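In structure tokens below, several structures.
Heads up, the next two complexes both have chain A, just with different partners, chain B and then chain C.
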Partner chain A sequence: MLPEIAIFGLSLALLFAVMQFILPIMGFKTQSNNYFVLTEWAATLQFVVLLVCFSCLAISFINNDFTVNYIAKQSALTLPWYYKIAACWAGHEGSLLLWICIVAFWTCMLVFFAKRMPLAFKATVLGILALMNFGFYVFLFVSSQPFSRNFVQVGLDGSDLNPILQDPGLLFHPPVLYMGYVGFAITFAIAAAGLIHNKIDQQWAIWIKPWVLLSWCSLTLGIVFGSWWAYHVLGWGGWWFWDPVENASLLPWLLATALLHILQVTKNQQQLRFICVLVAILTYIMSLLGTFLVRSGVLISVHTFATDSSRGIFLLAYLLIIATISILLLAYRYPKLCQKNSLLMISRPGLILCNSILLLVMAATVLLGTLYPLILEVLGIAKISVGMPYFNMVFIPLSIPLIFLMGLAYYSSWQGTSIKELLKSIALPLVIVCCLTTGVIIISPKTDSVIIYLGVGLGIWVIISSFVYLFKHSNIKLRLPITLAHLGVGITAIGISITSHYSQTLDTIIDVGEQVKLGNKTVEFVTLESMKSDNYRILQGTFKYNKKHYIYPQRRKYDVSQQITGQMGIKSGIFADVYIVLGEQVDQGWAIRMYYKPLIRWIWFGGILMFLGGMLSLVNLIYNKLRLETKL
Partner chain B sequence: MHPLRKKTLFTICCGLLVLVTAITLVMVALKENINLYYTPTELVNAKNLPAKAIKVGGMVENLQTVRQKKAVRSTFILTDLKNYVSITYTGLLPDLFREGKGAVVSGYYKDNIFVASQVLAKHDENYMPPNIRGMKNAS
Partner chain C sequence: MKRFKKIFTIRYILPLSLLLLVGYLLLVSLSNDPSKLPSALKNKPLPTLTLKEIFSDRPESIAQTIQGQVTIINIWSTWCPSCKTEYPLIKKLAKEPHINLTSIVYKDSRSRALTWLSKNGNPYQHVWLDEDGSAGIELGIYGTPELFIVDKQGIVRYRYAGAIRTTTIENNILPLVGQLLNEQ
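Presenting the complex of A and B:
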């Protein structure tokens, strides 16, 4: 019964989406505000109905309704309830439904919280959103309907959720990442509406800012979750693989970061309007491209979950339509947006522009590396893959000036600073940075790699500059968010530099009772025991690291799929992680892989600081708005 | 020169410099760091292979693991159901690596033996490299 209700609900939601598109047009024709108010109702109702649909799917999962194809494929009787809910978005059909729901959710938020936006402008935004969501409804109904049933296979127990996905990471990573991806649909719609109404000005910047912040925060957190999940579940001890799917989330992040900064210039000085709108549009196009790469399976990637080329073609067509229309609109408004920029190079806006261009160039190189194999294959030249070395070689040299300028921007003012003044104010911090970096060089093990120290030095430079910025001025409340986010960048930079260079790996075979050396510490294989959990059997090893810390890596064999997965044993710490993978039994012993990962937690800690900075900035925005309202 | 024009010139020069640097980086990095991807049939028929690491994808068969001193040494073949390549690999295999499933390895091919430095299995348990999927469905 529930799946049928859901299908009816989906049709109803589609109807509301169509209304949400037609009502604003009628409103503009008749110049009546009533239609605009009705548009808001349509948007709200659409979200409510979609929420019911999604609940239907979740409840059907919990009730083990295996007549629904999607549930039979993604669930099993013995699957714990929280994974049953998470399984809603584990497959292609469900994640598409989640996408549509989140668009509707953000739209609904826009209806309720964007009070200062004029009705007509808001209705335009809603209309654009409805049009964009319409494409996804068609996609859902035509090729990826999650509620399709098959009554023949009654009595099955379900083929179980892919064991690799049975991890707390699945509960958080996809929804948070999608919140970010989809949030850029809102910023895209506000940008497009701004172009249509020819209203790209300071006020527009104020309207769009909270949505950029929210999406950027979600995306940041989503990427951090994803990186952590990959680290603790995949067993190669890495935190970033430059896999096409990871790049797909990095691309919108780089662009959104640029957007966030350019927006500040547009808001304060009404400059860089063209590039601001351009980046807002590109950000959404990149998140669509990301979805296309993940869902179509056109690339050789370890993440490819679905390989269905018809889906790919649909998404590609949708992407091209959105891109063409928005770029044409932008070109049409170009003369209006074009203005004599009077930016000084050495000023806050000048440096922000510099760094934004660097971010865009980085995004372009990542995009090129990701799509290059695809282009060559389509042209029939060769089948290739572009791996980690390419990205490291291109990305690292570009991030060095980026991070340096980031610190430098702290010492410049909005109106411009003379070179002499700038040199005077950075002299002392630079000396401190040099001293600290020398300290790090002395205490760390000797290495020939200069780039590591450069990375650490730049990280320290950003951290010191952030503190100088925070304490030199009186208004801490306003400066704290910026400081936090940039501190995060510094900490991540240090973490990346150290962990990528000083990590140790050991592949070996040992039996219970034996010892090996990892670096200069001993690791002892103490015991091996088997256990039983809800839907899998466990073989757990106990290891003793450095004679005091116990580490428990596991091998799990899932009952339904008979698939074996490893559960890494990790002893995490502020300064280093010890990471043990229990492999197969070989002759007299067990294959074991061990990692020593110094400062790896700093990478994610930095990411979380960036997220917190963004959230705090949002809190500031809301607080100021409330204060303004009470004053009025 | 007029100061404003001088500034514009400076900005354009800076922009060009960044662009040229980026393009050079990309070109050099692409030239050095791409791996050619082969199917077993293509690899067997290939006349002159590059001296760089290459990738091969196919279905895993005949998996054997032996202990060699303190390391695990695995031998298996990758097949596209027409031809096969023998692979050797030292180290821990990924969890999802099993006979009858798809995998991609990277390494060097010499004297009919492929020495893999990296083995990748797919996250999706039912994944097959595209060329094999077509054949399996046909047969």
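Presenting the complex of A and C:
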């Protein structure tokens, strides 16, 4: 019964979406505000109905309704309940439903919280969003319906959720990442509405900013979750693999980061309006491109959704339509938006612009690296995959000036600073940075890689500069978010530099009772025991690191799929992680892989600081708005 | 006026043609199947594999068994959902004339594989069991299902990763098998 209710609900939601598109048009024709108010209602109802549909899917999962194909594929009787809920978005169909739900959720938020936006403008935004969501409804109904049923197979126990996905990471990573990805649909709609109404100005920058911030925060957190998940579940000891799907999330992140900074400039001066709206639109298009790359199966990646070329064609058509409309709008308004910019290079807007351009270049290089194998293949030259070496080679040289300028921007002012003044104000911080970096060089093991120290030095430079910025002026509340986010960048930079250079790996074969050396510490294989959990059997090894810390890597064999997965044993610490993978049994014992990963937690800690910075900035926005309203 | 016209066209035409190019690229790559992996084994002899034949439970050399025939080897397992999906097509493939269809059960137990075969039907001439996945490493497979075509000289001529589709059978497998049958 529930799946039928859900299908009815989806049709109803589609109807509301159509209304949400038509009502604003009628409103503009008749010049009546009533239609705009009705549009808001349609948007709210759409979300409510979708919420019911999604709950139907979740409840069907919990009730083990295996007549639903999607549930039979993604779940099993013995699957714990929280994974059953998470399994809602573990496959293509369900995650598409989640996508639609999140668009509706953000739309609903926009209805309630964008109070300062004029009714007509808001209705345009809602209309655009409805049109965009409409495309996804068609996609859902035509090729990816999550509620399709098959009554013949009754009696099956379900083929179980892919064991690799059975991890707390699945509970958080996809929804949070989607909140970000999809959130850019709102920014896109506001940008497009701005172009339609010819209203790309300071006010527009104020309207769009909270939505960019929200999506950016979610995306940041989503990427951090994803990186941490990959680290602790895949057993390669890495935190970023330059996999096409990771790149797909990095692209909008880089663009959104640039957008946030350009907006800051646009909000204070009327400059850069064109590039601002361009980046706002590109961000969403990159989200769509990422979705296309992941779902269509044109690239091989660790995130394999069941692929189907008809889905690819649909998504491609959607992407091209959105992009064409955007280009036409942008080109039409270009002469009005483009102004002669007289931006002083050594001023805060100048430096921010500089860094934004660097971020855009980074995004372009990631895009090129991701699409390069496709280009070669289409031209029939070769079948290759672009990996780590390319990305490291282009990313490091771009990050160095980026991080340096990031620190420098703190010492400049909005109106412009003379070089002499700038040098005077950075002299002392630079000396401190040099001293600290020298300290790091002395205490760390010898190496001739200069780039590592450069990375650490730049990290320290950003951290010191952030503190100088925070305490030099009185208004700490306003400066705290910015400081936090940039502190995060500094900490991440240090983490990446150290962990990529000082990590150690050891592949060995040892038996119970034996010892090996990892670096200068001993690792002892203490015991091996088997256990049983709800839906899998466990073989667990106990290892003793440095004579005091116990580490428990596992091998799990899942009952339904009979698939074997490894569960890493990780002893995490502020300064280093020790990471053990229990491999296969061989003649002389067990194949074991160990990693020593210094400062790896700093990478994610930095990411979380960036997220917190963004959230605090949002809180500031809301607080200021409330204060303004009470004053009025 | 002339200048205005020039700018007008450029600012529309340039981004649109760029988009068209990217769109074309993506469209073409959609039809390029990434599962057609170039195999390290392609045009090389099949590695010497000695696996247990599942019904007799006795080890035998695959290369010897299939000698002199054009053979399709399908790698599958009972725990793999895509294998379940492609099974009807595999059965259809087995019914085609001159098809010598064999298979290797990858990382699975004998009893489960036997149950599967008795329940779903057995389209294969031979079924071998690769319990620990070592033959899978020899063959360099990515996952299950995967399909190899070996010619009369025991040389690997084709490899396909992922569940086969009707189009794969019609456009790739059957023509190639026909061609290989005519080779001396």
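Side notes on the structure shown:
The rule we apply is simple: the second predicted complex is superposed on the first by the 632 of 632 C-alpha atoms of A that agree within 3 Å, B and C clash if a C-alpha of one lies under 4 Å from a C-alpha of the other, contacts with A are read in each partner's own complex, and residues count from 1 in each chain.
Just so we're on the same page, a contact is a pair of C-beta atoms (placed from the backbone, for glycine too) under 8 Å apart; a residue touches a chain by one contact, two chains touch by 3 or more.
Please read these numbers as outputs of a predicted model, since none were measured by experiment.
Once the two complexes are overlaid on the shared chain, A:A87 sits clear of chain B and of chain C alike. Within the superposed three-chain model, A:A576 lies out of touch with both chain B and chain C [touch as defined at top]. Once chain A of one complex is fitted onto chain A of the other, the partner contacts of A:Y390 are limited to chain B, with no touch recorded for chain C.
In the superposition on chain A, contact is made by A:G312 with chain C only, not with chain B. Once the two complexes are laid over each other on the shared chain, residue contacts for A:M19 go to neither chain B nor chain C.
Set side by side, chain B and chain C differ in how many residues of chain A they touch, and the one touching more is B. When the two structures are aligned on the shared chain, A:L328 is found in touch with chain C, with no touch to chain B.
In the overlay built on the shared chain, the residue A:I375 is in contact with chain C alone; chain B does not reach it. When the two complexes are overlaid on their common chain A, residue A:M615 makes contact with neither chain B nor chain C.
Of the two partner chains, neither chain B nor chain C is touched by A:V212.
Common to the chain B and chain C contact sets on chain A are residues 300, 306, 383, 561, 563. The part of chain A that touches chain C in the complex is made up of residues 73, 159, 292, 296-300, 306, 309, 312-313, 316, 319-320, 323-324, 327-328, 330-331, 334-335, 371, 374-375, 377-378, 383, 561-563. Chain A contributes residues 162-164, 234-235, 300, 302-307, 345, 357-358, 361, 364-365, 368-369, 372-373, 382-387, 389-390, 393-394, 397-398, 507-509, 561, 563-566, 581, 583-584, 586-589, 591-593 to its touches with chain B in the complex. Chain contact summary for the complex, chain C toward chain A: residues 7, 11-12, 15-16, 19, 23, 25-32, 34, 38, 78-79, 81-82, 84, 108-109, 112. Residue ranges of chain B in contact with chain A, taken from their complex: 7, 10-11, 15, 18-19, 21-22, 25-26, 28-30, 32-38, 55, 57, 65-67, 70-72, 90-96, 104, 106, 120-125, 127, 130, 133.
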